[in-house]
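Shared chain: chain A. Partners: chain B in the first complex, chain C in the second.
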Partner chain A sequence: MTAPLLEIRGVSKRFTKRLDVAGKIAQHLGSKIREETVHAVDAVDLSIAPGEVLGLVGESGCGKSTLGRVVAGIHGASDGQILYDGTDIAALTGAEKRAATLAIQMIFQDPFASLNPRMRVEDIIGEAPRVHGLVSTSDTSDYVEEVMGKVGLDPSLKRRYPHQFSGGQRQRIGIARALAVKPKFLVCDEAIAALDVSIQAQVINLFMDLRQKLGLTYLFISHDLSVVEHIADRVALMYLGRIVESAPTEELFAAPKHPYTKALLAEAPRLDQRKRDFAPIEGEIPSPLDPPPGCHFNPRCPLAREDCRARRPMLETISPTRAVACHHWTET
Partner chain B sequence: MRDVLQVSALRTHFFTHAGVVKAVDGVDFTVRKGEVMGLVGESGSGKSITGFSILGLIDPPGRIVDGSIRFNGAEIANAPEPALQKLRGNRIAMIFQDPMMTLNPVLRIDTQMIEAIQAHESVPRQTAWERSRDALGLVGIPSPEERLRAYPHQLSGGMRQRVAIATAFLNRPDLIIADEPTTALDVTIQAQIIHEAQKLTRQTGTAMIWITHDLAVVAGLADHISVMYAGRIVEQGATDDVIDRPLHPYTVGLLGSVPSANKRGQRLYQIEGMTPNMLAMPKGCAFAPRCRAATPDCQTAPPITEVDGRRLRCHYPQVQGAAP
Partner chain C sequence: MSDTIAPETSTPATKVETPFRRFASEFFESRIATVALCLLGLIIVLAVLAPWITPQNPYDLAQVDVMDGRLPPGSEAFAGYTMWLGSDGSGRDLYSAILYGLRISLSVGVASGIIALTIGMAIGLLAAYAGGRTENIIMRVVDLQLSFPAALVALMLVAIMGKGVDKIILALVVAQWAYYARTVRGTALVERNKEYVEAAQCLGLSRLRVVFRHILPNCLAPLIVVGTVQTAHAISLEATLSFLGVGLPQTEPSLGVLIANGFEYMLSGRYWISVFPGLALLLTVVSINLVGDQLRDVLNPRLKK
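Presenting the complex of A and B:
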């Protein structure tokens, strides 16, 4: 096995809501008010090989976007390490740190909110490579045209503002902005969720073309199983801050092991199913402020027993390529 | 089965400063009792405006300029407001993508549901309360008595959508128009909502129009599918026919661009270009500029033809599923 390009080791991210003055006074006077902590990401281990596409799937509030942001360096991790090419990014300094940070870029979900409406496209794309000295000021214009060509945008539109583009084109601008600093690793956070079906196909194809041409590695975050099944080599499922299962895409879709994975696969609407009876799992994802003890999935799980409420199941390796976090996965 | 709704040659136009937007431009369909019709299209195709037109919810500068909407045999297009008010929330109900379009954020759930009943029927408050409680139970809300006392912000997105669905079913309507009701929800919650809606239509015989951009959802739910593009229905037929053997190049392209297992890792079929500007529609067939089968003939608008049990607007139906 090749050494991973990116390795996530025991990464956690906690958000704490601090008490304000009124809250502290109330606490002092005996109120039960206290600081609230959300464990958005809870001791996650993942590794991604060079050239691989890892799909990270989960429902809203499961922490998949937070994990993506920690990987991209937007949030610092509360615990754990992110290793890029074998070295801990947090331990790097100076030029090395900058190189590692530039190598990991992020593409966001909302192509309307993620572009500065007051900047021209050429500045949106050209600013970062110029600031980081990747191109000289005089070459920036040509360079922007080259990057726009790569993502299928007409370079003659570079003087325009984001509002003059459609949603699909704006997403291409976001991709061009990320590619402009010559990254090795892209974090795509629901990068196609806001687009129409026919435009989604165009952007998925673009991602696959870029992967081939530029040898990119992706962390592809999505709630949409069919998209992940199409594009990813390996899939990791997240539930309430923890990875519950990871496996090569084909094996996962053919034989899911974790009860949550099974439920998700069974319930995703598919074109080949007609007049089916939808028979959903009960309940909703619990609040991350107050997660259930033991296995987080236990209140909704058909296999749940006493030990599921008592002990957290760790992610255990069940074959050279697969891992699952469930006390009773053999019974599924 | 009895026809609940017949829409024919419906045209809803918006008269803006920049020009006339023909959001709905000649739409025909029929929905029968107990049937689910999937109305599929991308953003800007006019699918939601079709739904709003049926309920008479088109505000100026828009209006229904032509066509007829017959509900249980009576004409309701451009009907006077009092007549429409008797229908809305009573015989025809709507479920929106955002449940907060239905719910008032400053009123408790019980206040809103009881009001919805008493607006159409003079029943004692206690009876209305009991009916509300039962309706919440039917859509799978645990401890409905407590939930009735809650405000909308105290409920999760999935719970709010259930309340909106329960409210829509309160007066046992003949028709429900559901406009992307599960688009904002997670997969497991989406399955729960579809399950409840499916169960209720079967129990009550309520007809439903399910408006969505997601072909996979209607494939599992609808009896009939109408595919809309730029204000017109381009293909209409039984779900199996439309999904398995699409005839219109747009439907072929839409289905081809849905990722699925059998195409894993391959390039997806992509429809080039984007939906046309509604102010400057192409002449003739609106899809022609993006269509691979287009010829100069497509400069004239294709008439509606019956092909293989389907109604179609295309000069060159892709018979035999001539795969792209």
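Presenting the complex of A and C:
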């Protein structure tokens, strides 16, 4: 295996809601108020090889978007390191830091909130490359047209504002904005979830095209199993802030190991199983404010025993390409 | 995938729909606001052109004749011109005095509005972006400031500092910056969490650039609305102070001073000395407020049908 382009080492992200003065007084007087900490991401390890598409899958609220934002540098990690090309991004300074920042770009879910409504398309796309000196001010206009062409937008529309475009076109503008700083790595956070199904296919194809032409690497965050199955080389499954299983896409879909993966895949709607009744996974996803001890999945797991409630299962390498975090995966 | 996608809007390429054009067409949907805007435009034009369209400079004592004092509307002045709105106790032509008074009232209102807006905006943005303790301290000061009536704050300051245009402007700025700060902070907090700001961070743009080029332009809409309403408020506040005799000096009569001058003649039937400047003030403040209301309706997406 080649050296990973991006490596996530033991990354955690906690959000703490601190008590204000009134809260502290109330606590002192015996109120049950306490500081609330959400472990959005809990000691995650992942590595992504150059040119690979890693699908990150999970229910809403499991921390996959937070992990994406930590990787993209929008949130700082509470613990752990993000290594780009073998070096810790947090330790870089000056030009090297800027290069690493620009190399990792993000595509957002909401094509409406992710574009500044008061800027013209040419400024949205051209601002960053101009500010960072990737192109000169006089060449910016041509450069913007070139990038717009790459993502399938008509360059003659560059003087328009975002509200004059449809959802799919706006998403292309978002992609063009990211591509304009010549990134190597794209974090796609539910990048197609807000689009119509017919447009979803176009945008997925655009991602695949760009991957081939520009040699991009993707962290593709989604809750949609069929999309991930189509686009990803490898899939990592997240549950309540932790990775529970990672495997090459085909192997994962053919033979899931973790009980959560199994339950999820068994209940995914498929054309050949139209007649059967679907049984949802029992119970709710627990609150990340108060996660269950041991394995986070134990309250909903058919295999759960004493040790599952006592010890956290670590992500265990079970074959050169697969890893699973379960005490009892052999029994499945 | 290589073919480009045509725009869905069917506007011809020559007439691109800019946010401003859309905004203007929505603004003029209301007849009342259109009339108010025209009226306001007229008032501003009259005030600006005052030296060229009035028969008398009311500040120039050589042109003011005490013999013309308290003439009713339509009388002829000693100098030969007709005083359509009558004259005040010291012989000033009221038409001239009102237009010159409007100049002072409007410039005091606009100047204090712009200065208060700039200061309030900077403080509000700082609070929203810094967060934590800085934000808490700033916002408590704002709360403290807003808990005093603006007229009281201005009155105290003017009583301490004395009369004069510059001092009035300073007092109005101190009385009003907090409204702007609170407005900007509120919208900036909402905008800061939108994805386009995250995208800008991701693109490695500097904090200053994110705040001033990305967040600030999106906070302008409510700021413009508050700005118009507060300018109208500043004009009436200045008139109040002048009426009470602590605002502008007698030698530079603003509308408030003119109203105060005529007040003593009201009971003797010489209504025009107070009423005409009062009407001018009323029309100015009401038209600014109507324009401000329509701006709020147009610029606030939550009120859109």
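We adopt the following convention: the second predicted complex is superposed on the first by the 332 of 332 C-alpha atoms of A that agree within 3 Å, B and C clash if a C-alpha of one lies under 4 Å from a C-alpha of the other, contacts with A are read in each partner's own complex, and residues count from 1 in each chain.
Just so we're on the same page, contacts are C-beta pairs under 8 Å (C-beta built on N, C-alpha and C of every residue); 3 or more make two chains touch, one makes a residue touch a chain.
Not measured: the values here are computed from a predicted model.
Steric overlap between chain B and chain C is absent once the structures are superposed on chain A; the two fit side by side. Shared-chain residue A:Q202: touches chain B and chain C both. In the superposed model, A:G174 makes contact with chain C only, not with chain B. Seen from the Cα centre of chain A, chain B and chain C lie 80° apart once the structures are superposed, a value rounded to the nearest 10. Shared-chain residue A:T93: touches no atom of chain B or chain C. In the superposition on chain A, A:H132 contacts chain C only, with no contact to chain B. Look at A:I231: by the touch rule set out above, it reaches chain B but stays clear of chain C.
Applying the stated contact rule after C-alpha superposition, one finds that A:S166 touches each of chain B and chain C. Within the superposed three-chain model, A:Q212 lies out of touch with both chain B and chain C [touch as defined at top].
When the two structures are aligned on their common chain, the gap between the nearest CA atoms of chain B and chain C comes to 6 Å. Within chain A, the residues touching chain B in one complex and chain C in the other are 166, 168, 202, 205. Against chain A, the residues of chain C that register as touching in their complex are 1-9, 13, 16-19, 194-196, 198-206, 209, 213-214, 217-218.
By the touch criterion stated above, chain A contacts chain B in their complex at residues 59-60, 166, 168, 196-202, 204-205, 208, 223, 225-227, 229-231, 249-250, 253, 263-264, 267-282, 284-285. The touching residues of chain A, when paired with chain C in their complex, are 69, 72-74, 98, 101-102, 104-106, 108-110, 113-119, 127-128, 131-132, 149, 152-157, 159-161, 163-166, 168-169, 174, 177-178, 181, 202, 205-206, 209. Listing the residues of chain B that touch chain A in their complex gives 42-43, 156, 158-159, 186-192, 194-195, 198, 213-217, 219-221, 223, 239-240, 243, 253-261, 263-265, 267-271, 274-275.
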